[in-house]
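Labels run A, B, C and D following the written order; every chain starts at residue 1.
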Amino acid sequence: MGLTIGVDIGGTKIAAGVVDEEGAILNTSTVPTPATSEGVVDAICAAVQEASSAHEIEAVGIGAAGFVDDKRATVLFAPNINWRYEPLKDKVEQRVGLPVVVENDANAAAWGEYRFGAGQGHDDVVVVTVGTGIGGGIIIGGRLHRGRYGVAAEFGHVRVVPDGLLCGCGSQGCWEQYASGRALVRYGQQRAAATPDAAAILLGLGDGTPTGIQGKHISQAARQGDPVAVDSFRELARWVGAGLADLASLFDPSAFIVGGGISDEGDLVLEPIRKSFRRWLVGNAWGRPQAPVVAAQLGGRAGIVGAADLARQG
Amino acid sequence: MGLTIGVDIGGTKIAAGVVDEEGAILNTSTVPTPATSEGVVDAICAAVQEASSAHEIEAVGIGAAGFVDDKRATVLFAPNINWRYEPLKDKVEQRVGLPVVVENDANAAAWGEYRFGAGQGHDDVVVVTVGTGIGGGIIIGGRLHRGRYGVAAEFGHVRVVPDGLLCGCGSQGCWEQYASGRALVRYGQQRAAATPDAAAILLGLGDGTPTGIQGKHISQAARQGDPVAVDSFRELARWVGAGLADLASLFDPSAFIVGGGISDEGDLVLEPIRKSFRRWLVGNAWGRPQAPVVAAQLGGRAGIVGAADLARQG
Amino acid sequence: MGLTIGVDIGGTKIAAGVVDEEGAILNTSTVPTPATSEGVVDAICAAVQEASSAHEIEAVGIGAAGFVDDKRATVLFAPNINWRYEPLKDKVEQRVGLPVVVENDANAAAWGEYRFGAGQGHDDVVVVTVGTGIGGGIIIGGRLHRGRYGVAAEFGHVRVVPDGLLCGCGSQGCWEQYASGRALVRYGQQRAAATPDAAAILLGLGDGTPTGIQGKHISQAARQGDPVAVDSFRELARWVGAGLADLASLFDPSAFIVGGGISDEGDLVLEPIRKSFRRWLVGNAWGRPQAPVVAAQLGGRAGIVGAADLARQG
Amino acid sequence: MGLTIGVDIGGTKIAAGVVDEEGAILNTSTVPTPATSEGVVDAICAAVQEASSAHEIEAVGIGAAGFVDDKRATVLFAPNINWRYEPLKDKVEQRVGLPVVVENDANAAAWGEYRFGAGQGHDDVVVVTVGTGIGGGIIIGGRLHRGRYGVAAEFGHVRVVPDGLLCGCGSQGCWEQYASGRALVRYGQQRAAATPDAAAILLGLGDGTPTGIQGKHISQAARQGDPVAVDSFRELARWVGAGLADLASLFDPSAFIVGGGISDEGDLVLEPIRKSFRRWLVGNAWGRPQAPVVAAQLGGRAGIVGAADLARQG
């Protein structure tokens, strides 16, 4: 099989790319995410047709934020786009005349990392993507673990604090509320409000108020040594690492791959994650063999590459 | 292949059984668990030799409480028997001249349920065994998921309460501290101490003091309607069910099988577990498809049957 | 001294009453709470002037939701009315020509119960008022304990769950998030969403959806035996009782008085509160002497009566 | 009144001192704590008689670890000495012929700090003593707040983590389990086990193993910059500070005094405590007036001085 298209439907933009068998992206296109589900389908089809005019495309892979069914055809529900039982595969196949595979976006990105990024050479990989929220994917025995109903690897909604923070999913104490970009911002804002003197650098990067602090300010301030920013990353890392230790108890993979925005910080955040991981890993004191915790390599392209490769494999 | 032997090494006794291809146990033998590792090996070999005198045995499967390595040969560490890097497979093979497979005991029991018990007809099953502690096994795509280092499915040590109860594993807040037979006894004792009037039936079954309450008293009192005993089971069920919801987010199996001592209670405990499971299952309100939560069927035989079957498969 | 006026500024209405030395209310008036702070002052003055035309009034006591300073003059901040350093005493005194005492509304209500309600005969009383939120007051040695800065007895914002629910105060895990009318509604909604079959009565009292459930529905359904409503009250009671046990460790009062909306439920909620209180009371197993937990007696009048009496005492 | 004796009954030694009206200790004597309650009474009487031979003593104050009744006469229960309803006042009065006052040891120490130490000039003080466990005392309006039954200010057993660590008191999640010398040792041991490389200094001060780490090692290593030791103190400080914020919500004192072993560390631990205090103090962002958090001044003498002064006041 030759070229396939990977489409990554995000909350703000839809990115599509033509991908070859080696995972290389030949060209990409990006449009803002339309407000309606019809608009999203239109945008996907437009991207496919445009790519088809220049390349011979054999299949389409779509990564969508939401619960995708076990047939990789229907989006059961997608909080951001307000989809309920959207038959995305059928709609796009009818329009573009190519085989379509729909996959959860984090699963697609995890697959991309496994095939062409940090997961190469491993057959059992857990990918955790810490972006605005937290998501991920699981590869077991070289196969994407989708689960009976297609909704495995919903890491973000594992309960890590009983009676904890409310989550958009309707539950409380979800991992996503403590280990995500949104959580990082909360950590920074709370700490800056409590000890503004210690947060001088951080506050100076925004509008001077705790509520004006954004994620990018925390990253920049941490690199400049702002103690509140550094401490906010540590708090984030504590929760990420403790969660990885739990995933090790459950899946025992050969590697953990940490992706998403925070992986851009490199060892600034990965080292405290590893430290927390070891702290909470059961059997660590007995010399238990440990999976490495490594940074993702494909960045924002993982979703496109992964979706395209899943489409290739059919 | 014909008959194999399954050996289940427990904290108090070692049980062995000759098992046929259908999972039927032809005969069993039981001895107290010796105090030393040499004694345990002797006991295993004696059981195998005795069985071999009456049957033609082709392989031996051993289920051991502890972390077993990825080669299914060495017990990395076993808290109860004080084993560290015990080459159990080699020792027994040299003595009995048969192929030996070593497996974590909860994994073996899970495999038994999958093959010949409540898991039949499912390819993705999560088995949770609530005995003194809590353990389990994972079957994915019809295969036992052992993990890269052989130590997957250590359910009991997932952290469910940050800064929670100390665990024998050295960590804090492990699921086992809240969802196990030991936890049930603690719930009963604490509640009976606080409100002895309400625990009249429960206290009457033991020596009359809260600390004299044992697990069997709570079971019996609950069946007689003792409100403290019923409430203790509910508390246990809350923690079991919430944990199953998390396992659904991660594995999305086609069925959950609940085994161990509490499954003897039937719906008295399974119904509140299901209720708590639904309460915490992400996407429940959106009509997410749900795996059934069912009772194990093989009882205490699951470990022997599973170990024997794993040995048969080699 | 003869008659005084008590004014209770609530989120929706301002109630004022003329009160005699025995705590009897001679007459009352009520107006909706104006949106601006000027409007509130106008409303207070109007009530005082109207009352003065029929009675000889000697002083004015005002209970306001918010942090009141140690001089009982200025509202430091009041979340609901958006006051910051509002010199309420001066403003009203200038207008009405009578001595004015400003007090936190929960403190005023606690004082009312102490003087003329359930607290009579006790010199060390902790009053906990469970309404929309949770508040209260402390009487030590027959005196209202206001603290150095006037902001003692802010029970609602004690942290009971680390990393817990966000609170309007900017913190997390505040008692108010778990032990209040708002929490009760959340318990009912969450449980009804998870197990709608069990919540048939409760759902039938509202619009049929979990999010349509209101506090009054839970009260009514609980009295009809709806298991979800009963369970919601139990959850509330668990948190209230555990908090009372902590207050006993700190204050060791001679009585706890539980007021607010939930005290209308009587033993339906007081009994589980007492049970939880005993369960978590340190030293309970050693026969520690225990303060009774009793219902408030003055209902919604406590604030007016207490404020008026504080004004009388000057 | 002239001289009085203060006796401090600790788990390992009984210290007695002759104290004048200014809180100065004229001389002291110390004996190991006897194993039996009779032995303790003997030791107290011997110390009083010895002191009486050189000074004219007018009264005896005894500080005892345990719950002391409201008459300051009987130790209701004392976990360490295994006392139940011990009529200590009567026993000692009969033997020594002087008026005796019995007080909880932490209350006595708090009183000492209030009268002659860091609390001078304040009328509302909360003293928190972080030693092996955590205890303290409350002064309100210049009087020791003993509570209705004499058992107020049992800070250590306030629940700060639901479902948290088991406590010797029979409850779970008590503050003492997270904010005490014992907790500090646990933090050091857990962290050193997880990341031994980072704990090189700390491990080198003990026997090289995590379990060999003692409190004094953590103090010394922290002063040498060992990151694990510093982090352990920070964790301790987080819990102490968060608890002080809660005490501020309840008592609103004019000062917090932190005593016990950790106050020897000075700002190494006080600064992070203040930081955590501000972080969790409700209303901090609105400019709420804040009580200072200061170190105790009398060290181990506070108990003797306080008990003697309470005896003087009768």
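In the analysis below, a residue touches a chain if its C-beta (ideal position, glycine included) is under 8 Å from a C-beta of that chain, and two chains touch if they have at least 3 such contacts.
Worth saying up front: this structure is predicted, and the values here are computed from it rather than measured.
K.L.:
Quick one: point me to the chain whose Cα centre is farthest from that of chain A.
P.N.:
D
K.L.:
I want to compare two interfaces, A-B and B-C. Which one has more contacting C-beta pairs?
P.N.:
Greater number of contacting C-beta pairs: A-B.
K.L.:
Mind checking the centre-to-centre distance between chain A and chain C? Centres are C-alpha means, answer in whole Å.
P.N.:
One centre to the other, that is 45 Å.
K.L.:
List the centre-to-centre spacing of chain A and chain B in whole Å, with centres computed as mean CA coordinates.
P.N.:
Roughly 34 Å, centre to centre.
K.L.:
Roughly how many whole angstrom separate the Cα centroids of chain B and chain C?
P.N.:
Here chain B and chain C have centroids separated by 49 Å.
K.L.:
Out of chain B, which residues touch more than one other chain, so two or more?
P.N.:
161-163, 170, 190, 193, 280, 284-285
K.L.:
In graph terms, with chains as vertices and touches as edges, which category applies: line, ring, star, complete, or other?
P.N.:
Chain contacts: complete, every pair touches.
K.L.:
Which stretch or stretches of chain A touch chain B in the complex?
P.N.:
Per the touch definition, chain A meets chain B at residues 67, 76-77, 84, 124, 138, 140-141, 143, 145-155, 157-162, 169-171, 174, 242, 245-247, 249-254, 280, 282-289, 291.
K.L.:
Given the complex with chain B, which residues does chain D contribute to the contact?
P.N.:
Per the stated touch rule, the residues are 161-166, 170, 172-173, 178, 190, 193.
K.L.:
What does chain B use to touch chain C in their complex?
P.N.:
Residues of chain B touching chain C: 162-163, 190-191, 193-195, 198, 210, 275, 278-281, 284-285.
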